[in-house]
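These are the structures in question, set out in turn.
Next, two complexes with chain A in common: one pairs it with chain B, the other with chain C.
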Partner chain A sequence: MIEAKDIAAFYGKKQILFGTSLRVSEGERVLLVGPNGAGKSTFLKVVTGLLQPYNGQVLFNGQNITSLPTEKRIHSGIGYLLQSENIVPGITVDENLTLGGYPLTGKILSERKHEVLEIFDFLKDKLSARAGYLSGGERQALAIGMVLMKHPQVLLLDEPSAGLSPKAASQILKHIERAQELMGIKAICMVEHNLKFALPWASQIIILVGGRVVKTSDTPNMYITKIEELEKIFFHGNE
Partner chain B sequence: MTLLLQLLHNALVNAAIYSLLAVGFGLVYRSMRFFHIAFGAVYIVSTYMVIAATVNFGLPLPPSIAIGLLIASVTGWIMDRTVYFPLENAGATPGVLFIASLGIYILFVNLIALLFGNEVKILLKGIEPSFSIGSLIFTRMQFIQFAVGWIVVLFFWIGIRKNTLIKGIWAMGETPVLVRVLGLPYKRMRTVVFTLSSALAGTASILTALDVGIDPHVGMQALLTGAVAVIVGGVDVFWGWIGGALILAVLQSIAVWQFSARWNDLITFGILIATLLLRPQGLFSPKKRREER
Partner chain C sequence: MNYILHLLIMIGIYLVLSYGLNLVVGFGGLLSLCYAVFYGIGAYASTLLMVKVGISFIPAVLLGIVIAAIFAFLIGVPALRFRGDSFVLVTLGIQMIVFTILYNWVDLTRGPYGIPGIPRPVVAGYEITSLYEYLILVGVILLFSLSVLFILYNAPFGLALKALRDDEMAAEGLGKSPVHMFLYAFVISAVFASTAGSLYAAYVTYIDPTSFTLDESIFLLAILLVGGAGNRIGPFVGTVFMILLPEALRFLGLPDTVAPNVRQMIYGLTLIVLMFLRPQGLAGEYRVK
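For the complex of A and B:
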């Protein structure tokens, strides 16, 4: 589905990704983890075209999309949840969903909204509320709902549990699983710091450190017993 | 009482023009978050193109107005594509865009002064016919300004409510990255912002010039009127911009009545400073959660 080959990327003069290669295949739930500054979010930005790589290629369904603008990548089937500023606070919940569905109109737009609200049914009563007034969990649900409006084939999630209580975070994960079932999302790649929350969900774990992939495993469950060890490395370095 | 009603009527006519300026300026300021000073340049370009079409090419006024508006819109779009957009892509801050915009403004004012001269140009010669309703007197041009101004504002408001692309433009100022990752056509939205903003500046300029004429230096006054209305009303509320324009027009009318038109600038900037000190988010902005600030 999505394959990144030898990606080198910079912010200004600072290199973040050093020849990073990874693949998200159909049917996979990939968990991308690593310490702060490892390049996880940068990697997602390169895949979605928000950041142009200095070197390397991004392939989606076998096609080279490296030079495509973000807008075209999104319309080709990539859904991307930003870590922050992922809803428009100044407009209503309903208007946010309409924006997520762009360029859908009329009956199709209404049907998509209906589908999304089936997953996040607690938003049904808040359609005319200003999105900025929603609680943290509701905001994150709306943000995911906006991404789902286009029925993406692949979902890239940048810390969906950020700022949420453990209960709200686990609910969000359940909603994501339900969306995958109902909407036929073929693969998900999630960047997440909260390993306790995300490891049981994943089918593959990729560990990124210093802009390089240091470990890829198809048995993420074996890391459940090593969460504290991993978190120590992520938050305090490999001392 | 009659005098007060007449002043209120004049204020509503002025508010129609101020609203056009506020919507034109606010559109760029809200969606791009930088101070588009060259808005004042587009303002004068439109009317001077009407003058060129009527005087130099002998065209009748209606097609000349259409030409003036078209050239103003294209000018705004070219400013974005040749200056703002490349600068933004290179990582320019709003401060850099502000300076660039000031440069464009000065360039255009000097070019217009060089080509057309510094003196006031009149578009319509002769005395305007006037009408009266009861004790209220209004001129034909005031009626046109009132009708055109408020109809355009109403259409724009409907556009914000109904058109997804305009909703996207509204969202662009709050969450510029989100707009891209939702697959909204960022470049096309910029085109709409700059052409529409310039068309609104052009409409206000031509409507004003048909009444009192124009000189190359009035663009700055128009820009500041639009900017003050937007900031006083609240950058994030469309009706706030219109409210700001109305407050400005009414207070200026009262100042004219009580003192003299010479004090209009004092009123304009007095309201601006008072708002910034006492309610910096604007008079009509809703309360925001802390996370939104």
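For the complex of A and C:
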């Protein structure tokens, strides 16, 4: 579905990705892990077009989308949850969902909202509340709901559990799984630091260190007993 | 009574301006210092069309809108590549260039001599001459402008602008194109500035470039800073406050020799105190950065 080939990317003069290649195929749940500064978020930004790579290609469903602007990539079926604040706190929950679905209007917009609220049913009672007043878990749910409003084929999630309690994080993951079932999302790629929470969910794990893929495995469950070892790799990656 | 009617007319014209600018500054978070350019283009375009081409008021206003929108598009495409301080400087440059053109293109604009004798508006065959009639005309155009702008404020378009203002990358990640959204907002706001410019020109029956200077752009921005940007009530509060405060200061009974300067100082001091006490404006929800 999504393939990135030989991606080299910079922030200013600092190179973050060094010929990184990754593939997320249909039906996969890819967990992208690595130390801080490994280039995980940068990689997602390159895939979504928020950062133009210096070198390399991004393919989506076999089509080269490297030069497409972000909005066209999003409208073509790539859903992206950023690591930072993803909601507009000054407007209501309902307006945030409308914003997520933009430019959808009328019946289609209502249907999409209904679908999203079936997944995040606890938001139903808070539609007219200001999004800024929601709890951390509710905010993240709303942020994911906004991404789902466009019915993405592929979901790219950058640390969906960031700042959440273990219980709230686990709830978010369950909601993501439900969304995948209900909306027919074909593949998910998630960046996550919380390995205990994410490893059981993943079907593939990709370890990124220093802007390079150091390990790809189709059996992420075997790492559950090796979380400390992984953290060691991450530590060395920081050095 | 005429004095009060005059103030109400000026408040009406400035409400069209401030609510239009609110789209760019309050919703888009772009601090524009060239709004008086579109105000001036509207005033000059409709005036020249009426005086030199001989077309009537309404078609002249509509053509003025088209001309201002085209200018806004041409200016917006390069200017909106910038953000923050750079955008402010670019709009400052645009303001200075357009003012210089208006001032020096004497063959077209009569430069510093201005254009006198602008015809009174004729609407549906009826010439608007009295202040009452003019107030009704301004009121009708203001109501129409606010209806359109309030729809835009509440529409997904307005929400998308707010999202881009609060976190451009996050909004872009949701599929909003900053370039397109900001350009639409820039052009739409120019349409309302142009409308206000045409109304102003036909009301005062004389225009010259000094009505559309950087000072005017700063004044319009100050309306939003004082009243509050990014909502429905802020521009109203700012417009009323900024237009009526200097008028209220006239009644302080200051000696004639110092009155104008003291009034200016009190006016300035009030703005400084306001910014300390209410940095988001009197009725604002978003603090312009």
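Here are some notes:
The criterion applied here is as follows: the second predicted complex is superposed on the first by the 233 of 239 C-alpha atoms of A that agree within 3 Å, B and C clash if a C-alpha of one lies under 4 Å from a C-alpha of the other, contacts with A are read in each partner's own complex, and residues count from 1 in each chain.
We take it that contacts are C-beta pairs under 8 Å (C-beta built on N, C-alpha and C of every residue); 3 or more make two chains touch, one makes a residue touch a chain.
None of the values given here were measured: they were computed from a predicted structure.
In the superposed model, A:Tyr133 lies in contact with chain B only, and not with chain C.
When the shared chain is aligned, chain B and chain C each come close enough to touch A:Met146.
Judged by the touch definition given at the top, the superposed model places A:Val209 against neither chain B nor chain C. By the touch criterion stated above, A:Ile91 is placed in contact with chain B and with chain C alike. Once the two complexes are laid over each other on the shared chain, residue contacts for A:Ile16 go to neither chain B nor chain C. Shared contact residues on chain A (touching chain B in one structure, chain C in the other): 48, 50, 69-71, 74-75, 80, 82, 85-86, 88-91, 95, 98-100, 102-103, 105, 146-147, 150. On the chain B side of its complex with chain A, the touching residues are 164-165, 167-168, 170-171, 174-175, 177-186, 236, 286, 288-289, 291-292. Per the touch definition, chain C reaches chain A in the complex via residues 156-157, 159-160, 162-163, 166-167, 169-170, 172-177, 180, 230, 285-286.
Across the interface of their complex, chain C is touched by residues 48, 50, 69-71, 74-75, 80-82, 84-86, 88-91, 95-96, 98-103, 105, 146-147, 150 of chain A.
Of all residues in chain A, those touching chain B in their complex are 48, 50, 69-71, 74-75, 80, 82, 85-91, 95, 98-100, 102-103, 105, 130, 132-133, 146-147, 150.
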